[in-house]
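In the two assemblies presented below, subunit A is common to both, partnered first by subunit B and then by subunit C.
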Partner chain A sequence: MNAANSTPVHDDRRTTVVARMLRDPRSVLGTVAVVLVVVPAVVGPHLATRDPEEFAGAPLLGPAAGHLLGTDILGRDVLTRLLAGGQTFIIQGALATLIGVTLGAGVGIAMAMLSRRASELLLSVNDTFIVIPQILVSLLVITRFGATPPVLVAVVALSHVAHTARVARAATSHVASSDYVLAAAGIGLSRRRIAAHELLPNVLPVLLVELGVRLAASFVLLASLNFLGFGSSGLEWGRMIEENKGGLAVQPLAVMAPVLVMAVFLIGMNLVRDGASRALAARSAR
Partner chain B sequence: MLKEKTTRGRARTRREASTGWPARLVLRRLITAAAILLVVSLVVFFLTQALPGDVVHQILGQTATDEQIARLRAELGLDRPLVAQYLDWFSGILRLDFGTSLTSGTPVADLVGDRMAATLVLVAVTAAILLPVAFTLGTLAARRPGGVLDHLVSGAATVLLSLPEFVVGILLVLLLATNIWPVLPPTSVVSGNQRVWDDPRLMVLPVLTLVLTAMPYLTESVKTAVRDELASDHIRWARLSGIGERRILLRHALPNAVGPSLQVSAMTLTYLLGGTVTIEVVFAYPGLGSALVSAVADRDVTVVQGIVMVVAALSLLLYLLVDLLGALAAPRSKGRAG
Partner chain C sequence: MTPTADAPRAEIRDLRIVVRASGEAVVPGIDLTVEAGRIVGLAGETGSGKSTLGLSLLGYVAPGLDVRAGTVRVNGQPVVGEGVQNLRSVRGRTVSYVPQDPSSALNPSLRVGDIVREVMAAHGVLDRGAQRRRAQELFSAVGLPADASFHRRYPHELSGGQKQRVAIAVAFALDPAVVVMDEPTTGLDVSTTRKVVSLVREMSARTGSSVVFVSHDLRLLMSFADRILVMRGGEIVEDVPASRFAEAATHPYSRKLLASLPDTTTLAPRRYRRAGTYALELAAVSARYGKTTATHAVSLRVPTGECLALVGESGSGKTTLARCVAGFHSDYDGDVLVADAVLPRAVERRALAQRRAVQYVFQNPHASLNPRRSVGDSVALAAATLGGLPRRQAWSRAREMVERVGLRADHMVALPHELSGGQCQRMALARALAAQPDVLVCDEVTSSLDVSVQAGIVDLLQDLQKERRLSMLFITHDLTLARVVAENTAVLLDGTVVEYGDSQSVLQAPRHDYTRRLVEAAQATHDQM
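Up next, the complex of A and B:
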């Protein structure tokens, strides 16, 4: 009975969240910023007229006709490398977020459904991983397995599990003690049915906000790992920054171009995320 | 993501405050810390040494000589049962014996010692600047919600919190060391026996970067805590009784906001330790972080294990220290403990 009338309510809510965000200039600005970076990054490799590893001139040249953003520390075209470097970075970050948040949500919901004692014990183990700087765990795994694409996705995904589990557990416990879930349990619905039809739809908005938070965190961690020299293609924006920082005084564009692209992308993503949380909060306050 | 931690910290303070005197609180925290370190050591060991697959070939690569392979096997004790390997390694760590570096052959403990001092100085100087500034800014911004300072703090938070630490570092280098106004050295490289703190100029940029990246979140938290306090019933009563606004802020609101804010400060300090990893690489700062990154690149497992354990222990210790201060400083726990 609850599932039947909760579906239309849910859809109505979702449209108002989007509508709210469309009226919020900060969310719109953020969306434009993200699109401005993601579209060229995805189609970029197909637009490029030369190979990103090809030498285009002398090292650290300023902008000129053949190379609009100048050349890097080895004499390769900065614009070509900038266009080539986004794709793997964005795909790896997005994939890691999806995997990490899904795992974390699973762990969190499972924790919430256990007995109070078991749940608190697991929570304290879980919290251990929150206190330890995430980059340490990532570096440990990379030491053992090398910075291949699956390893990078795995370490970034792993960095989200503890946080998301904590958030998902709190949200689930909150919903689980609500009247309609108690009522559903009262009329004898199975645990699995309650989890799928009552808990999940109501925990989902919280998880969507968490997904936004984690998405930004994924890119920050991934960029930092790339910057430290642990990337899978050698073309990532973080890697470009690291390679060319020695030539900063001579050819600042080789560093500033990837820095600016990354800044626009990340700040835009945070604006969208904050806008989404505001819209969700306004909806639940209604 | 940090927001839930604050509330968790607050809830725990209240619960433990009611269990009694400070010594017991300290003991509880120490036991928790020991348990966490044990878990961390298991994770470190599991990830580097106990996972299935031939560690030796993965570390040394295809070009390894038989002699290198034999040495690494002996170094890690790979021919023995896993449990014995772990106990050996862990008991070594308790005696501050982290084994020898696989690439240079020097004891890991020697390598860690100097580096640790440099990293701790970096974190300490950062904290000494960060904490007073963040508390002052946060309190001032809380006095006028919606005011200029409030907006400025939130705006800076959106920008700075979005960026990885290394990007902030690079921007500062561009601004103050190479292109726009070159007044500071772009790297913190030291020569010979020189310590990095012998020349304060070497520390300015790394410290500034860390302060800037950690500041927004702490300031925002202090602001929220003070603002909540200012809106509470007892402050309203104090206002109604005619107590001056300045006195209300300093004597009534701030002391209550310090407890929860110190919990956030504790998180901030562990965040700083994590942040030093990339910052030290940006500035070639001779600390634990840059040593860790080159050890990872060289796949020097014993050095990586040692540094990760040391940094994890340090971040726990810092966290506990400030967390305890927060628990003890909160007026609520003082009241109930007495």
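Up next, the complex of A and C:
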């Protein structure tokens, strides 16, 4: 039996995904864009030489030596505020996404493991949540409980659950009907172990892509809430846009700077997500 | 160069195709001439380069492969090498293609009439009346209903055999010089396969087209091809007329392929032992899918230590029955008894000992092993859960089983996709054995494997059965195989048992018409040898 004795060929799957992404100019570009925004945002508050609330000069000054990006409508330094406003924004968005996607994945996998009738019933309830406008629900909750960081994170996280649950359910039902899941049931594994060891590893690639999509959606929702005045610190990029829109004609940089930073960040993240899903798809195709 | 009637339809000269990344040769340098009107069978195992060679006739090279040298000409027109121009005008008209899986080959959103007309429109037959007449002609030639309502059907409304007929009609639509068929009968059952190959013969005779028929089924090729090429490691190791293949094939690999065909004539009749108890009993099992009934009060018994073969075409309900036994399908009336005790319907509700007693081996070995877990872990997991063994002992039980099925311990760290189909099926078998079952349910365990690999698995199953007094329910569509492995055979037609007795008499003196047809179909392919 020469067929039975040939030695299997090994490959390290993790490195191939990263290697594939490194070969793809789009994901490299995306990573650079994300790093360019995240690093200054995280270390920014420590770099700043002045207080973001300090009145540094006359209102709506153009770029000059003391103020690289000019001053805002109240005369505060735009660059300082830009550096200070990113940290909470990025942390809140990332945290909300992680919580939301984890919850959604749990709900979705659980739905896929229920009987068909129960699963379909829950799915229609779930779909009802999807069609409710997220921003309205968020505004309602924040008005009631206040725009504290935990409330903001919770609101954004909850906005993802229904959507992620739908995606996770579809991916899981596909995996759940495969022979190896039947085989696992046949050897007597509990439902919990089947979910954790047979289903989860095999829907993970789909969930990773979903995580990327949700991450972008988190930041958009968070920025919109900030723009509407619901921020936990009053110092967010979204808030800056709103504050300075009156001076747009005189000092466009006060508005354009946060807009550009967010655009670079979101586009970068989408490129990374796209590259990752391509690399994962190429892996599972082999 | 103007092709004349006798000129070769396809000429491959010194073709060399390599893997771009590693430079490893898939086809190291091949010459092949296909004469007009001939059917050339390309046999060989998965990975032998037979599909790569077949596809090169269409000027197609799979992504990741590179043509390093050589030329391919079809009807005098180059499709690979120097002077290739406008491949699209050649494909479909001069050389056409029938792929393996008809359901993925047909555009699901086009009606079948439009699918046939599409290829004509692509090659300049623009008059809708002419297209419709030709489509009608083709459909009746391939034995499909020619009425207008059939033209308006969608692919999902057709059976597998009908879909493959549509694909064949498309391939012959413009009387091409060469038709390349890549394993076109793999997904079809025995009698449909017979009909499809005789159709291919007929269409080839009618249009004068040459056919290159890629298949791993040597028996099938011997039954209808003019000439058989055997490929191994990218080389053509055998090239003889099909009618004389059995005598004229000289290469050791061809002999091995021949030897691994189950031979029905020399087989000693199996003795029929009357055992005291039944390891497995099905009592009036009627399985349902929602409102449709898949099996009608099927009653079967497997005596301890014996094997019962369940034979039938796809859709006959044989897999459903097997799944009822394993507890994967719980919507049924009647009872499944193991060692005289009725099993709960769903596997989740069965006691550990009951789960251990019945183990299931799936048709597709790659699909039955978790792709993200090493195969050794999968085997050990079964030993740990069902055998109640601690980790270390579970692993050593797993290693014992892996070695028993003819693999080495170092295979255990591999992931399923790193193993071949045969190796994977052995692993799946090791997993089932690790549970130390009383009843083994084998669902078409050999049908997705190459012939020589198949023979190894069948031998292994027979040894195991003897060695461990295993009782087996062996599901297959292959009557010949049933006779080799099973003491008893039951034939299933549309969910009803039409024939049930010891394998020898079922094959020699079939009582039901349907069994007779199956036996004749099996005999007809066999007689060509």
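Structural remarks
We take it that the second predicted complex is superposed on the first by the 275 of 286 C-alpha atoms of A that agree within 3 Å, B and C clash if a C-alpha of one lies under 4 Å from a C-alpha of the other, contacts with A are read in each partner's own complex, and residues count from 1 in each chain.
Everything below uses one rule, namely that a contact is a pair of C-beta atoms (placed from the backbone, for glycine too) under 8 Å apart; a residue touches a chain by one contact, two chains touch by 3 or more.
A quick note: this is a predicted structure, and the numbers were derived from the prediction, not measured.
Residue contacts after overlaying the shared chain place A:L79 against neither subunit B nor subunit C. Judged by the touch definition given at the top, the superposed model places A:A263 against subunit B, while subunit C stays out of reach.
In the superposition on chain A, A:V203 contacts neither subunit B nor subunit C.
Using the contact criterion defined above for the overlaid structures, shared-chain residue A:A249 touches subunit B, although it does not reach subunit C. Legend: residue contacts after superposition of the two complexes on their common chain; A:S178 is shown touching subunit C, with no touch to subunit B.
Set side by side, subunit B and subunit C differ in how many residues of subunit A they touch, and the one touching more is B. In the three-chain superposition model, subunit A touches subunit B and subunit C at no common residue.
Across the complex, subunit A is touched by residues 326-328, 347-348, 352, 355-356, 358-360, 362-364, 367-373, 378, 381-382, 385-386, 406-408, 410-411, 413-415, 417-420, 422-423, 426, 428, 431, 435, 452-453, 456 of subunit C.
Contact residues of subunit A toward subunit C in the complex are 1, 3-11, 13, 178-180, 182-189, 191, 197-198, 201-202, 286.
Within the complex formed with subunit B, the subunit A residues making contact are 124-125, 127-128, 130-137, 139-146, 163, 166-167, 170, 213, 216-217, 220, 223-224, 227-230, 238, 241, 245, 248-249, 252, 255-256, 259, 262-263, 266-267, 269-271, 274.
Those residues of subunit B whose C-beta lies close enough to touch subunit A in the complex are 1, 4-5, 8, 32, 36, 39-40, 43-44, 47-48, 51, 55, 58, 158-159, 161-167, 170-171, 173-174, 178-179, 182, 186, 270-271, 273-275, 277-278, 281-282, 292-293, 295-297, 299, 301, 304, 308, 311-312, 315-316, 319.
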